[in-house]
Amino acid sequence: MRILFVGDVVGNKGQEMVQTYLPQLKRDLKPQATIVNGENSTAVGRGISQAIYKKILQAGADVVTLGNHAWDNREIYDFINSTDKLIRPANFPGDHVPGKGVTSIRINSASLAVINLQGRVFMNTLDDPFQKAEEIISEVEKQNNFIFIDFHAETTSEKRALATYLDGRVSAVVGTHTHVQTSDAQILNDGTAFLTEVGMTGPANSILGMKSGAVIERFLTQRPGRFEVEDNGPGILSGCVIDLDDNTGLAKAIKPILISKEHPYMG
Amino acid sequence: MRILFVGDVVGNKGQEMVQTYLPQLKRDLKPQATIVNGENSTAVGRGISQAIYKKILQAGADVVTLGNHAWDNREIYDFINSTDKLIRPANFPGDHVPGKGVTSIRINSASLAVINLQGRVFMNTLDDPFQKAEEIISEVEKQNNFIFIDFHAETTSEKRALATYLDGRVSAVVGTHTHVQTSDAQILNDGTAFLTEVGMTGPANSILGMKSGAVIERFLTQRPGRFEVEDNGPGILSGCVIDLDDNTGLAKAIKPILISKEHPYMG
Amino acid sequence: MRILFVGDVVGNKGQEMVQTYLPQLKRDLKPQATIVNGENSTAVGRGISQAIYKKILQAGADVVTLGNHAWDNREIYDFINSTDKLIRPANFPGDHVPGKGVTSIRINSASLAVINLQGRVFMNTLDDPFQKAEEIISEVEKQNNFIFIDFHAETTSEKRALATYLDGRVSAVVGTHTHVQTSDAQILNDGTAFLTEVGMTGPANSILGMKSGAVIERFLTQRPGRFEVEDNGPGILSGCVIDLDDNTGLAKAIKPILISKEHPYMG
Amino acid sequence: MRILFVGDVVGNKGQEMVQTYLPQLKRDLKPQATIVNGENSTAVGRGISQAIYKKILQAGADVVTLGNHAWDNREIYDFINSTDKLIRPANFPGDHVPGKGVTSIRINSASLAVINLQGRVFMNTLDDPFQKAEEIISEVEKQNNFIFIDFHAETTSEKRALATYLDGRVSAVVGTHTHVQTSDAQILNDGTAFLTEVGMTGPANSILGMKSGAVIERFLTQRPGRFEVEDNGPGILSGCVIDLDDNTGLAKAIKPILISKEHPYMG
């Protein structure tokens, strides 16, 4: 079983990278499951729309995950309950959160559960992701041979702590949110694939996908200002590919993917 | 001009990696300047001692930098003012901060200024690192052909913002503090080498260098507990090597270094 | 039904104020229930010990509540499970948290439930206090005529939000943690008594009960330093008295109490 | 010398309270200087406009101070440099911050400097308010007999630390920002009047001036939502009156002011 995961798609440039490279990646890598984080995929880099969600599916994604920006484009409230393959962090609190935080993909006779969770350190105080992971895993582990977690979190410590906590019980934990890929793709001691941060898919000459000027201005002045998505310059696509053992559901390999001006795609 | 930079040395395992590999790296890479971040280099992973500082110099470092843990081992107050090659973040506030935040290394007829700065997002409210960088650069740029900055900060955005802000005015900005190397080593548009995070040098099977169990316990219980440095298991050394143009002082190349069980040192 | 509540007892001076004035207050006000927050009651201002807990009971408290410092003195692990009248914030996460977050006091034929909860804004990410309040209230409201909540939280907004959320369902919500009494004691629209912050009981010439010098030094230098409880100078006792309607369980009156050099106790 | 200070005016209800009661307070208390914090004085509770600024002056204010919301209504950029009596926190960073952080009022032969500063704990990382206070005081203390500071900050500790740090060097330090008045009005050991938080002027049945429902909803769901100013229900005016010694410039008395449904104005 092979999973292809692509990190936070940001703005038009991110969409362009997905449309250009996702089909190629799928053709070359032949993953059975393709997952894309779309929390910044609107033109303004905040949230997702139904049209963009469909474009990401058409480019080859089986599941789209989200993060802290899930609700920024309020259109999501209109369609999240009517889709099956768009998930938001499972640990948003309350009894009536729109959408869901886990979904399954059928792959021949097997099944992959995809879970989206959000961290809490330096972020909103959602429900405990460790506890929520436990709950969901105990629900889905019987019907699913494989479990993939997109853990959307700020700190390296919370990400590695969750992965280590779940080591041997899930197929993979891959981090998103900080938008810069880390170089620590690895299989933990008990068989879970882990990558602290997969990185973003969007404009390379930017800060988190935003035009650098306004972000720097904010640091210099500490006064409010509008951030705009960077639409110019080269793009980057960040992802990873994970191979799972069909018998154990655990990981055999995890490899980062980086397509950029400096690392042109070679196929 | 070639600079070798090694990220946060954590505990005994970090020291062991430095003693084992720094001499080899220097022999093979032949850097003119070697800089090591030592903010976690005591046996307990907090601060630095004079004995450890000397051991790092003996292994080949020309300058040792620090970070938010600079003052955790109070012995530093006894010796920081009598050394020339140990620097702490320049933007600690006040008129009488022990030590200094910048030093210079003579390399034949040239000179390299090494600056240590600390970020503020999700960290202590030190003086503004952007402003402080400006001040120090204007002081040192005449006497120094090259300027290297160890920017000890939490978020990817603050790190890239400072590097972009200084692009073309300094030789390199390399991030430390989050302990997991990022895969974005690059030369910015105007010639400054940049790497969001160089990563740590210490115990690989750990969370930030600490035993995983206690860190996970803290996440699960939110109650205080003692973190202990992980002394067992394989080690990792994280660093980078940067080549600078002797005429412009700007960067020609930056390459990450990672030595671990998965990436054994090949020389 | 009258409740007397006394805010965070800090160090020896706080203990002294409790021993001196709590008996007088009880004699004069004749409360049926007396509750004291003891999270800073050790000599060093962090946590509680069994000896100190007993002294607070002996001075007249029926229940002692805690807060974020609950676990700072590890002795608590030895005795919290064997007492009935010491409670810690109910929303510490996990299945096996020592102690409990709610207790009941028998008052003739009636019963008062005392709940301790902790906020999350700018504090540790405990379980959701709003949700936890719901759970506990639905458990205890049938057996208890009155419900008092000590909500240990940092911000005025989280405190007022919880009180407004529970308005009409509990007898009183009184805030602790910021150590400075607010002047907004009031009965909310649907009958719940509310005071954003009851204030501390300890050394008046201090910052949160600590010696001012070291706290100021921390602000000036942003470097670690030891805070010490202020044992000198005049003391302050902060509290409030709440009158409840025996039929409805809701509030008829809430009045702040402040005993200090400027406001000597008049009886 | 008597100063009247009124805390954060929020929305239309705040404006109404100012228009109704400020003239009465001035007539009854006869302050020589009247200062009003207007950071939330627009109809939406964020920032200030020129029209509103003028209305506050017409109601009797001599100086209007601001806080973290200073720049929320971008109209301020158009007029702040052309007014003399509107000040924003002095410690916003950078060389070209519009407006200024200190102003002076002539009172017969004497002069009062009014300084606005903002805290940093749990707030934006402005320049160090302790350091900035030092700088401004050394500039203004010769030409001014009295110095008043509106310290806009979140925590009780930062507020009291600054006041204690400046005790004996300024006439008064009064806190704003948390919108709920504290009951600790006092004269510190060396003569500076201090009140941790003066409180807000606006809609009483609200959370920080905002409609309770949306604020509670945010706590319950952790999802973004629009906060709206509460325009209904009774209003509150929070302030204080400070008497200064004309010879020393230090405080003789400080008394809180609270006008609300529960505390109707008696004159």
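Observations on the model:
The first chain written gets the first letter, and so on, giving A, B, C and D; residue counts start at 1 in each chain.
Going forward, contacts are C-beta pairs under 8 Å (C-beta built on N, C-alpha and C of every residue); 3 or more make two chains touch, one makes a residue touch a chain.
Note that the structure is predicted; figures quoted are calculated from it, not measured.
Chains making contact with chain B as well as with chain D: A, C. Across B-C and A-B, the chain pair carrying more C-beta contacts is A-B.
Centroids of chain B and chain C (each the mean of its C-alpha atoms) stand 45 Å apart.
Centre-to-centre separation of chain A and chain B, using mean CA positions: 30 Å.
Of all residues in chain C, those touching 2 or more other chains are 93, 125, 131, 220, listed in ascending order. Those residues of chain D whose C-beta lies close enough to touch chain A in the complex are 70-72, 92-94, 97, 124-126, 220-224.
For chain A in complex with chain B, the touching residues are 122, 130-131, 154-158, 160-162, 164-165, 178-184, 186, 189, 196-197, 199, 205, 207-208, 212, 215-216, 219-220, 256, 258, 262.
The touching residues of chain C, when paired with chain A in their complex, are 93, 120-121, 125, 127-128, 131.
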